[in-house]
Every structure is written in C-alpha cells, then in structure tokens.
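Notes follow the structure.
Order of writing sets the labels: A, B, C, D and E. Residues in every chain begin at 1.
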C-alpha cells in the first residue's frame, strides 16, 4: 500500500473559521470533559448540550448549514430535552458518587481511552488532505444538494429509517405506556378508598410547622416533638438537602424510606 | 574339535505303512484328554481305564514303528509325515508335520512306555481322589504334548508341544490347587518355563530372520552357511529354553516346588520325560551348536554348574521328593553337560536320559509308594526301617538307588560313566574342569542317594503315632518292578554293546575314538572309588548314628543347601521384589502420571475456565472496557500489519 | 475523485427495483400491518392475527426470495446488492424466522404466553399481578420481530455502509426491546435489555466511526467505491486500516466474537428464551452476511491486512467460547458461550477468502459459511425451544443441576436435545458436522491449517461441556423435586420438529443445500 | 448374487432390528431379548452366506462393492466393500454380537434402565461395526468411526458400574479428541486430493501427491485417532475405566471389536494412504508399541480389579497388533490381522466369564474371590482356557497371531521384537496370578455357594473356546482370506519382506 | 487552519465519550456519552465531506441524527423500565446476570 495519500497540500481554511474553531473547540472539549466528570446527571446533560451547540457551530462553518440547524433542532432541542425530561422523571436524585466501585476500572478505562485516542490521533496524523471544499456540491444550495442525495442514492436507507422510527415509537409504547385494564374509579369510590386506607385523609403537613424554621427544607415537628417526614418534599430528601429539625432525633436520609409506590408518575 | 558330523537328513522319507499312523501317537492320548476333560463326571467310571489305554496304544504303535525302523537301513530310518499346512504367510511357511527318526523314537518309547507304567501306577495311587478322572485327563494331555514335542519336524511345532507340556505340568503340579502353596508352585513352574520359552521364541525368530525357515530340515540344511554369531545367538537362546524346561541353572528353582504335584506326576514329568526335553532340544539342534562352539561351551558350563548345584541341594533335603527332585536336576545337568560336549557326548546324553528315565521314575514311584503307606508324609526323618514292611518297594528302590549311583553293571553305571569319560575328552583346561566336576558330582550323588535310601528304608523306625505302613497294591508295585528291571538292565543292553551310539549315529553324528585326558580305566576306577566314599560317608552318618527327628542346624553349607542354595532368595531379591516394586510404581504412575496428565489437562482447562468465567463480572462497564481495549488492540494490530 | 454532483436540474427520479426489494418490502409491510393490528384490533384476537400475519409474511417473503434466484444485481441506485450470498442469507433468515416466530407465539407453556403481559408494569407490582391474571400478552412483539427481520434481510444485502448502518439499527432496536419483555424473571430480562442496548449503542458508535474513517479514506461509503479506492491505493492507509478495524468492531460485536462477546451470555440468559433462539440464529446469519460483504466486497483488496485480524479473532473466540462454557451452570448461558465458540468456527471459514474451487467456481469460504449459518441456525433455534420445555414452578428451569435425570422424565425431549448438542459438538450425521467439515476444509484450502487445528482442539473441549449435559440428562439420578417437562402446543412442537429434522437432514443428505450454497457463493461487486 | 448388496443388507438388518427392539412396548423385556438374539443370529447367517461367496484370490481390491454418490460436493460416496482383512473383522463382529446378547441376558435386569434399550443399542452398535469395517470411502469410514461412539457411550453410561458416567465421558472425550484430529486430517486429505465426486473413495485416495510435511501432518492426525482408539500407550487410560465400568457384553464389543477399528484403521488407511510418513514414523510407533506391550502387562500384574486387569492385558495385546502392522512385513501384518480376530475371541471369553463370576458375587475385586475351582470347575476351567489364550499358549489361536507378529517384526526390528517377546513372560504372570488368586485355594466365604456355569452361559462360552482352539490348530481358512489382502497392502506401501540373511537352498524351505 | 483539526477534535470527543461509557454509573449519563461519540462521528463526516467535496458525509451525518433520535427513544424507555423496577438508574446495580 502506498504510504501517502493522494490528496496533496492542505488548503488552509479561512481565518474566521480558524478563530471559530479555536474558540469553540476548547469549549466543546471542556464541556464534554465536564459531562464526563460532573457529579450530577443534569449538569452532564447540560454540558453535553453545550458541546452539541459547539458542533453545530462547526457544521455551520463547514458549509453544512442544514446540518448545523438540524443539530440544534434535533439534537440540542429534541434529543437533549428528552434526556433532561427523563432525568427529571427518574434521575433527579441520581447524583453519581464519583467513588469507583469496580476495582481497577477507572485506571483501566482512562488508560484504554487515552490509548485508543492516541491510536486514532496517530492514524489521523498520517493523513494529508486536500480541502476540496463544497462550493461546487453546494452550488444549488446545501439543502438541495442533500435532498438530491437522500432521495436518489440513499433513498432506500431513508425509507428504511421509517421502520426505525416506528420501532422507536412502538418500543416507547410498549415500555412506557400503561394500559388501563380496570374500570376507572368513580369519585365516590376514590373517597371511600381514601378514608378506608387510614392514611392521611387530610393534606400532608406543611414544612416547618411547630419548628423553629418554616423553610421548605425543615421538617415539621409532630406534637410529640419528632420530625414529620412527610412534611418535606421528596426531592429535597433525595438531594440530601433536608435540614435537621431542631430537637429532632431522626434524620431522613433516604428517599426510599418514605416512598411507597413511585412508578405512577 | 574333530568331528565327523554327518549332515543329517532329517528331511525323512515320506511316511508310508505304519508310519502313516504317526499322528495317532499323538492323537490317541489327545483324544483321551479331550474325552476326560470335556466329558466331566460322566466319564468318572471308566476315565482311568481310558486314560491308561491311550498311552498304551501309543506305546504299541511306537513299538511297531520301532521294529519297522529296525528293519530299514540305518540311513533310511527318518520318516516324515506331513499333516497339513499350519501357518503360511509369505515366506513364513510352517507345516504341521511329524518326524519319526531314531532320536524321536527313543523318546516315543520312553514317553509311552514309562508313561503307560505310570498311568497304571496312578490307577492305584489316585484311587481315593474324587478327581482321578481329571488327573488322567491331564496326564494324557501331557503325553500327547510330549509326543508332539519330540515328533515335531519344525521348531515351531516343537514349540507347541514344548508349551503344551508346560501347561500339563502346570495343571498337574496344581492338581491339588486348593492348597495355596501348590497353586503357587504350579504358577512358578509355568512362569519359569515361560522364561525358557522366551528363549525358544527368540531362537525361532532368529532362525527365520537368518535362514528364512524354522523347519529342522531347513535350519540344519542352512546352518553351515550361517554366520557363527547367528548360530551362537540361536544356540544360546535354545539353551535358555532348555534351562527353563530342564530346570538348569539359573532357571532351576521351580523344580523343587513342582513336587507339589501328585507323585506319579513327579515321576513322569519332573523326572523321566518333560524335564529332559531340554536335552532333546539341544541334541536335536546339534547342527546349530556344532557351528557355535561358544554356545556349546556355555551349555557345558551350565550343565556342570547344575549337576553340582543339584547334588549339593540333594544332600540336605529331608523331603524325599525334593531330594529326588534335586537329584533329577543334577542328573539332567549331566545330560546337558554331555550334550554340550558335541558328538562325543550326544549319544551318551540320550543314553543317560533313557536310563535315568527308568531309574528315577522308579524311585519316584517308590517314594510315592512309601508316601502311600505313610499317610502322604514326605519327611524322611519320619521314615526309617521301611524295608521290612514294604518289601517290593524296598527292592525296586534298591535297584534304582544302585543304578543312579553308578553301581557297576547297573544302568547308571554305563551311562554316567560314559559322560564322565566324555567330559574328560579334549585339550587344555576344559577336560579338567568339567571332568572333575562330573567326577565330584558322581561322588556326591552316591552320598545323597545313599542317605536317602538309608533314611527311608533302614535304621530305626521314626514313624509318627498314626501311621501304619503297608505295601502298596499290585497295580502300583507291578510298574515298580518293571521300572526296576529297566533300571537294572537297560544300561547293560544298550551301553556295552554300543547299540545306542549306532542307533543314534545317523541323527547326531559319530565320533571317532577320542582320547581322554586320563585313561579310561583310571577314570572308571576313580568314579567307583568316589562313589564308594560317598556311600561310606552316608552310611556312617545316617545308619550308624541315629537320625534326629528334627534336622540339626548344620553347617553353613548344609543350611544353604537346605534352602536350595538361596536360589529363591536370589530370585526374590533380584526379580520378584524389584518386579513388584516396578509394578506398584507403574500402577501409581499410570494413575497419577499418565492418567494424571490427561486429567491434569482437563483440570487445567477447567481451572482456566473457572478463572476466565469470573471476568464476566456482570457489570456493563467492564464489558464496555473489554470492548474498548479490544477495539484499541484491533486498531493496533491493523496499524502494525497494514502500514 | 469521484465527486458526484447532482443538481436539482439534473436530479432524476431514482430507480426502485421493487421486485428485488420484494422480500424486504413484504416483511416491512407485514410489520406495519402488525402495528395497525395493534392499534385497531381487539386484544383477544390480536395474538392469532399477528401470528398468521407474521408467518404468512415470512412465507411470502421466502417465496419472493426463491423467485429472485438468479436475478442478481444491485438495486435502488446501488444501495442494495441482490446476489447469491444475499439471497441465500435472506432465505436462511426467513426460514429460520418461521420456527423462531412459532416458538415466540407458544401460548400453552406459560399462561399468557412467552412475553410479559405489559412491558411497562413494574416487576412484582400489583399491576403486574392483575395483568398476569388476565392472561394478556404484549402482542407488539410480532411487529417488532418483523422489523428486526426486515433489518436482518437488509443487513447482508446492504451495498453501502450507510444502508448497512441503518439496517444494523433497524435490526438492533427491536431486539433490544424484545429482550426486555420476558414474562418470568423480568428483572433479568430487563437487565439483559439494558446491557444489550448500552453495549449495542456503544458498538454502533465504533461501527459508525469506522464508516467515517473509511469515508474519509475513500470519499464514498459505497462498497464498490471503497474497493476501487483500495485498489487504486489512493488516500491514507492509516485511515483505511483503522476504519476497517473499527468497522470490524461493530460487526464482530453483532456476531458475538471475542473480545466483543461479553454481552452474549448475559443477554442470552436474560432474554425470553424464544427471543434468544431468534437472536442467536438470525442475528448471527445477518451479521456474518454483512461481515462477509464488507470484507470481501469492500475490503477484498485489503485481505492481507485483515486476514491476520480474523485469524486472531477466530482463535480467541473459539478458545474463549469453548473454555468458559465448561464451567457454566446455566443451560442458556452455556448455549450462549457455545454460540460464541461457533462464531469462532464460522470465522475460521471466512479466512478462506479467495479459495475458489476449480471445479465449481464456488468460493469455498463463502459457501461454507453460508451452509454453516443455516445448519447452526436451525440447531440453535431447536435447542432453545427445548429449553423452554423444561419447567418448574418458577418458569423455565435453566440451572443445569435441574436437568439431571431428564431422560427419565422425558426420553424424547432428552433425545432431541442430545441431537442438538451432538450437532453443536459436530458429531457426524448431524448438520453440525457437515458445517464444520465445510468451514474447516475451506480454511485448510485457504492455508489456515493451524487455525483448523485450534478449531479441532476447541471442538474437543466444547464436546466436553455438551456431553456433560448429556451425562446429566441420561446418567444422573433425577432430583426428587426436579422440573417437569411441559407438553407444548403444536407451535413449539413444530419448531422443535422442524429444527431436529433439518439438523438430521443436513447431516445425512446435505447435497442440495451444499449445492445451493456453492451456487450462491459469489458476491456482486 | 454378485450384485446383491450384501454389505448394506448386513448393516441394515441390525439397524432395523434395533429400531424394532426399541419400539417394543414397555415390559416386554423377554421378547426384546429374544428378538435381539434372533436378529443378531440372522446377521451371523448372512455373514456366513456372504463369506462363502468371497473369493480370496479375486483381482479386485474390494468385493461386494457398492458405490453410490452421497455428498458429491465433499467427494463423499456411500461406498462399501470388503477385502480379506475387513471380512474377517466383520465376521468377528457378527459372531460376537449374538454371543454378547446371550451373555447379557440378565445383566441389565436389575439396573433401573430400560432393558430393551440395552439390546437395541447393541444391535445399533453392530450396524456401525459392520459399516466401519466395510466402508471404502475414507469419509464414510470417519463418520461411522465417530458414530460408533454414541451407542457405546450410552451402553457404558447407562448400563455400567458405579463410576459409569466418569468412564463414559472419559471414553467419549478421548475418542472424540482423536476423532477430531482425524477430522482435521480427513479435511486435509480432501483438500490435497484430486477432488471430484468420488474424491474420498479409498482407491482414489491412494498415491496422492503430498509434500512430505503435509503427509506427516495428515498421518499424525489419522494415527493419533487410531492410537487412541486402539489404544496404544500412552493414550490408553480411558480403556481400563471404560472396560471396567461397561457391562460385560458392552466391554466385549468395546475391547473385542470397537478398538480393532483403531488397528484396522492403521492397516487400512494410515499405511496405504501415507506410506512415506508411515515409514518416517515407524521408529516412534514401534517404540510406543513395545512400551505398550510391556507396560500393559506390568500394569495388568498390578491390578486388583479383574476387569481392569483384562483391559490392561488388552493394552499389551494392542501393542503387539500395532507392532505387527508397523513392522511392514507380511508376517507382521497378517499376524496382526489374525491377532485382531483372535484377541476379539479370547478377550470376549475372558470378559464374559469374568462377567459371569461378577454377576454371582457382585464384586470385581480379585481379593473377594478364591477357591472357585472347587465349587465351579466349569467356570474355572473355561476361565483358564480363555486366560491361556490370552497368554498365547501354542495350540490356541492367539499364539499363531502373536508369533507371526513377533517373527514378522523380528526380521526388521530385532531389539523391538525381543523386548516384546518379553511380554509373553509377563503374560503368564498376569493370567496365572489372577487364576491363582481367584480360582485356587480354599473357597472363601463369598464363593462357597457359587453356582457353576448355567446352560445359557455354557452356550455363550462354548463357541468362543471352540474358535480359540480351532483356529489355534488350523488358522489356514482365516489366513488364506487375510493374506492376499495383506500382500496388496504391502504393495500399496511399496514394501517387500526382508530376505533371509542366509539364502535358503531351493526345495528345503519347508 | 488545517481542516484535519476537526477530525482531531472529533477523535478527542469520541475518546472522551468512550471514557464516559466506561466511567459513569448512571445509565442515562452512559447513554449521553454514547451520544457524544455519535456526535463526534458526525463531526468527522462533515469534515471529511468538505475535504472530499461531496455531500455524502453530510447526508450520513443527517441519517445518524435520525437514527440517534430513534435510539434515544428506545434507550430511554429501557432505562425507564429499569429504573422503575429497581429504583435506580445505576448500571452497576444491574448485575444479576454474570459469570
């Protein structure tokens, strides 16, 4: 095999693009590293969104306006929002402890990733490219150019993608849609259920009641002086942001201690 | 060594007339054996009669053939009978064929004649054994095998008889195998014989390799063209075979134990016939040995050692049968010695073999008769003074005794004296060493046989309480008498007349007048003198002094002789113990080593599996790690290979 | 540079060869119909309708495949290659899918069927209990399966890497879902689903990056274009080789080759057993088809570079699969490792790249792999179907100790399972033997004798664990409270009977199929 | 009748019979036994009829040939045919099967396994045994070689002794490992071959062009498989376990016939297909054989279990057989072939009689016996004859073969032959030691009430002993059948017997 | 500026994403890391598309986005079910299947 590529001397891109690159690239890298390192999933998601926005910038800079927009709309706008949405549903309390539990995993993972990255860099470093530019390809407009390809050469892939989307929809239905199999309870039945159940027919106690503080993160005290666990938001408990009620002996530590059935929401 | 060895024509004339019945010689006793062994209890009633009739019939055929041979010219007395093609593969062609010649005829007559007598004797001796029929079956089997041995016309057919007699010997020694020692003795005999058979096997293989044939005719015809090394190798291997079968040093140890068999067996197999097969083999193979002087020397050495060895053991044995067995060993030593001397000794070896067959069989049967009267006791220290109660036995034994010690005029005198003479033939150191050994042997023989005779039949009665000795029935004594007659006169008949030499000359060759190292007359005198000394010594020790009921401690030599000169101890420490150790360690090795290696591989794979299995931790991130590492390695490999 | 410029003015309506695409179109169409059925039909009838639809669709698609025999060529603007291997593999996938779907539809072993009554219900919850009691089932699995099959049909036929990537995803996504829908042991099932999904997505990323690098190398993702670039030697070698390696990662992940196999045991064990059978058989067929197409058609000029790679992977895969299987205690897990080992054996056949049989013109490597895939597929589906029959109160009794003395309880089931195990082990007169013979002889002809020797040794190791099961079934005393062998409905019975029949037939009389594989061994380039 | 498919018929009868027996309703055990016996006797009769048509001196290499294409892509045909070597081995199988069936009449009654299953397996095994000897297509041979494992595996594993499953797995894995190496070699052979639809036909596989390295590799593949099957030292350790744990009938067919496939394979396939490699390997093989002869014998002496003892004697005997084959002389190879037959009978007799003994006392340990001769003379007597045949007593059939092997070896490899001859001494020790310990002495507590042979058992043993003695004195009928085949093999491997060192004058050879 | 810088950047991001998969325990974050890898790939496609002067790369990137979107839906659904059953989205928690 020949050792050199056919593409000859690299054509420089414009200065503006260079500036853009050198500004956005560190941001993208730092953001992705931040995604990797941040303790909270939400932060990770937001940092990933930032990275994606940077990429959108790159796309725009490389004569791919359509992709750049789609990147923002689909990825940053839709996909990442979906992530955040799911995080809200399931993962608000999922702040990773950054203590590694698998022996050797961290070292090995970092080493493997570095090694792999180094190999990739080495491989790419060998490449000498001619920057042909897309001026000709984009001559009728970027979108038109893409469309011409999508609807001719890649039309079958495009059509098949529909199967993918249907699958996705079907899958989401199967896994997330909860079919109601019993008759909905009437108002009366609900009332009966509520009182028969013996638990809190009335609203739950508010926070801070009878306590020295009435902040939302301070549990109410019951007449006997013990803290009312139900008086603070579960979210706060999960985040570990609950203050200790003065004089209280019990500290609520874990969401699971109070939660019963959480899968309805 | 000057020889006028005639290239013998063992490729005899085709069998006609009575000789076409040669196969019957073997077939008759074989038939008897088959009927008696397969027939089971149904044949109990007539088994012993059938068993006796068969060898008798063979004897008759043999006699007829003998006289037919006498009617022919000396050169035409070899008759071959081709039965069928036995093994035929490529150039390896072995026919089942029989050869009746002067040499085999001697044996045929000895085997069937003495054999028949012993069968008759056994009718009485085994009368009270419920398994008598089986006994006769085995005896017939033996006779058949022995006849096959001596009638075979090739080494391989001989080999069949050779092992056949070994089998019969095994069966008969172990006839009372419910006694564990007897069963062990039988096995010992067979195994020792097998060591010898190993030699015979190898000898036959060398023959085929070197000469391309295993028939007597082929081998002897080609022997003069074969290299001396090959012939020496064949000779030594044949000697090994002879040592095994004839209880010669160093394979002698089984014979004493073989006395576990019923006494007629000892008489027939372990005295008269089977044990002399080695002598037959060596003499039959004369053309081979003639070309291999080194092998001959070894034969002589073995003979000399054994004759002294047996004699020395014989002096210390108190068990009458074991003493006789030692004597047999010694006497066969004489024969082997003679056979090793070449043509000068061949005829006399056979001569001694024949006379020995008579007198030793007679003495064994006599001993059996004594045991019969003494409740199967064998300890001579418990005998004594039996001459008065067992007259016939005593008298026949007397003749046997005189014959074996070489009392002038009796059979043994003629045959043994000739061997001693022959041993003195030659130049250099040999006549002196071997001749003197033979002489000393004669003296010692006289001592121990006299000792045996006197301890048994004379002196005070040292019987235990419960025995009431009596003479045996006629069916037992008549054979004794016949054998005694043979012991007395056979020598006279064959020896001085030179009949045996002339008879055998076409087979074993002739020798001219040989000069002995000492004059013959001196030798004869010396022999007689030594014999007299031996008798006198024994007389003074065992007749004039009382014989203690338990053996005195004795000198170191006596003790050694009593223990068979430590032959068993030597075998045990040299062969058995190391063998057992080897076997045990191999069993261990097979389990742990060979099988262990295989199982070890399995365990290794299993262990590896178990360890690798743990890599499947169940953590997605570990899996992802392995994939990333794998991908990196893949990329690495591709970069290495591709760029 | 083959810069393609298509202006709006010059845009031409793409030619769509519907006939060539018919099998895929039928399958996708049936999948869509299935979705509509889900939407509009009553719960009670759905199961039956879906089954009929699915099987009918598969049969129709198969007929379409048969009808295409000999009509080779590329279709839809070169995106799909319809050639011998593609058609053979499509046919294989379709005939394998029929018994697989039948087993999935088994109604009588477990009340309500194989799949959960509702994927959304929480395991162990009241909701799940109530739903289970009604005996409903998640009939969406049928359209999902059909989508997966559609993806599988496209995967080995894809003629450019983009189409291949899309096909990969089309076949993968439904499988991720199907894995999580077991009726029993749902936690395990969901865990399998999660693991499969995360690792699958991870591997897709590698696959995609590989495509990117190859695109960077060749400027096109069409296999013929890449092949042309390789033979021209244009572009950067490092991009090419690294791209090849990364592409291989994605494909080897799907075939379950070491070191990308680690998902296999967990997913095979956790997934509903009929789905496991389906995956083990059909996915493997599709993935090997794609692997062969990429490596033979696109990267055929790079054979000296990637052959050592396949050697190494094949050896590692055979060793890992066979050795680790020895100490497995769960029958499904054991079969999973066995499938890894078999991936290694098949890779052995792939090594014989361009050994063309002088007599028939068949490419030995390709035809042997084609045959092996068919043979192995049926055996696998059958074996997993048998696993569904051995049950105790907790559902399938998959722990090996529970299989002790099974022959006592049901000699027939034990005998059939023994047949499948014998085929896995490559005992003569079973399809496994013919397959092994085919790949090994191709490999030797291709000069890979050491590889065959490793394969042979590993077959011996593998035989150990197969026959350990036989020993258990036949020679061990049954546990007093051991599992029973359930009597299945006609569906599973048909699955097992068909699999067993093919296993024997391909062992005893493989001539026709071998001929077919030989004829189908040439790729359109 | 020359076109009659004798061999297919022969293989099909027990196959059909096996299915029929297996299909009998539960509980009809006696009927199953009778049916199995009848079928095996029919096979025997057909075998005899076929043998009568066999022409030892025919020009064609194989007789009763049937060739039909089977898997043309792999060059595989369904090809059957026999030469003398194969014929006698088929006959051996045909004789031993009914004997074993009769001998096993009550052997499996008290196991908790299906009785009819056992007899069906025996018949199935017979099919494979006939097939494997008759196969003249290398591939077909390989397939049957492997397929044979299966019924035997179940016979051992289902109907064996306490350690049966260990023994069965060990047997299977050993054989399978060897078989797989052979598979690799078979594949290699196919690749090397000229191809074509009948590439695997034995005749077409002869005289292939190999590079030396290829030929050696292929030889090693085949030889290893055969060595394991035979078994030769040091890959023998499966045999004692398998033979000891198998029911007596199974053990007989295992050691008596199945293992012969190994030595048969060496003679039929290893040597003619790879003559140069065979010559190259001969020193090693001869060494292994000699070690095996002595090693097996010594191990036999050290055994405490009768069946294991017999198994080890077989290892010793297989050493002899392989020795004769690799001596590459007519005597050696004819002797080995004859030895295969004889060993089959003599080991069968030993195993069956020991089996009878064990069925009475319930122990395989030598130490548990003693004095049997007093209470069961027939049993002891037949045992002795069988034992003597095992130690190759002249006059019994094994002697002829053992001597031929030795003499055939001697003309080329003197040292090896002499050491191997030492085996005859050890043979006498192991057989007589066992006889002494079990049969002689006073009856022990456990053996006092032992029954002698029943009529059925006597009928089992009688034909075996008759053959043993008959072939000992008159082996010609068998040798005449074997010799032409062996001579052809010698031609195929381009060997001639060494000439005697001293040329023999014409006319005095006899 | 050398347009290859984009490719370097994408390799870097790809590696960071891969490391994320290996290092993070929250299934959602793991999945986000995978998305990062896909994005990195897209960047490569776009960069190469410009270098080669054809739009195929951009088309592929577009398809990747579509596929990724579908994958996200399925993936998040699966993660949801896991979370509901186990009350945890930790990938380490799901290791009943092992050895």
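Quick note on the criterion: a contact is a pair of C-beta atoms (placed from the backbone, for glycine too) under 8 Å apart; a residue touches a chain by one contact, two chains touch by 3 or more.
All figures in this text were calculated on a predicted structure; none of them were measured in a lab.
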*When you check each chain against subunit B and subunit C, which touch both of them?*
A, D, E
*In this assembly, which chains make contact with subunit B and also with subunit D?*
C
_Shortest walk length in steps over touching chains, subunit A through to subunit D_ = 2
*Considering only mean CA positions as chain centres, point out the chain farthest from subunit A.*
B
*Of all the other chains, whose mean CA position lies farthest from subunit E?*
B
*Please find which chain has its CA centre nearest to the centre of all protein CA atoms in view.*
D
*More contacting C-beta pairs: A-C or C-D?*
A-C
_Counting only Cα atoms for the centres, state how far subunit D is from subunit E in Å._
65
*In whole angstrom, how far does the Cα centroid of subunit B sit from the Cα centroid of subunit E?*
95
_Using Cα averages as centroids, what's the distance between subunit A and subunit E in whole Å?_
11
*Between subunit A and subunit B, what is the separation of their C-alpha centroids in Å?*
102
*For subunit A, write out the residues touching at least two other chains, lowest number first.*
1, 3, 7, 102, 105, 108-109, 112-113, 116, 119-120, 122-124, 126-127, 132, 136-137, 145, 149, 153-154, 157, 161, 164, 167-168, 171, 174-176, 263
*Sites on subunit D at which at least two other chains make contact*: 173
*Could you tell me which residues belong to subunit E and also touch two or more other chains?*
7, 14, 17-18, 21-23, 25, 30-31, 47, 49, 51-54, 56, 59, 63, 67, 70-71, 74, 77-79, 81, 84, 91-92, 94-98
*Could you list each pair of chains that touch, in label order?*
A-B, A-C, A-E, B-C, B-D, B-E, C-D, C-E
*Complex contacts: residues of subunit B adjacent to subunit A*: 617, 619, 621-622, 625, 628-629, 631-632, 635-636, 639, 642-643
_List of subunit C residues in touch with subunit E within their complex_ = 1, 3-5, 119-120, 122-124, 162, 165-166, 169, 173, 176-177, 180, 186-188, 190-195, 197-198, 201-202, 204-205, 208-209, 211-213, 215-216, 219-221, 265-266, 269-270
*Show which residues of subunit C lie in contact with subunit D when the two form their complex.*
357-360, 422, 425-429, 433-434, 436-438, 440-441, 444-445, 449, 452-453, 455-457, 459-460, 463-464, 467-468, 471, 474-476, 509-511, 514-515, 518
*Quick one: in the complex, what on subunit A touches subunit B?*
1, 3, 102, 105, 108-109, 112-113, 115-116, 119-120, 122-123, 126
*Of all residues in subunit D, those that touch subunit B in their complex*: 173-174, 233-234, 236-237, 295, 298-299, 301-303, 329-331, 334-335, 371, 373-374, 378, 381, 388, 393-395, 399-400, 403-404, 406-408, 410-411, 414, 417-418, 421-422, 424-425, 427-429, 432-433, 435-436, 439-442, 473-476, 479, 483, 486-487, 497-505, 508-510
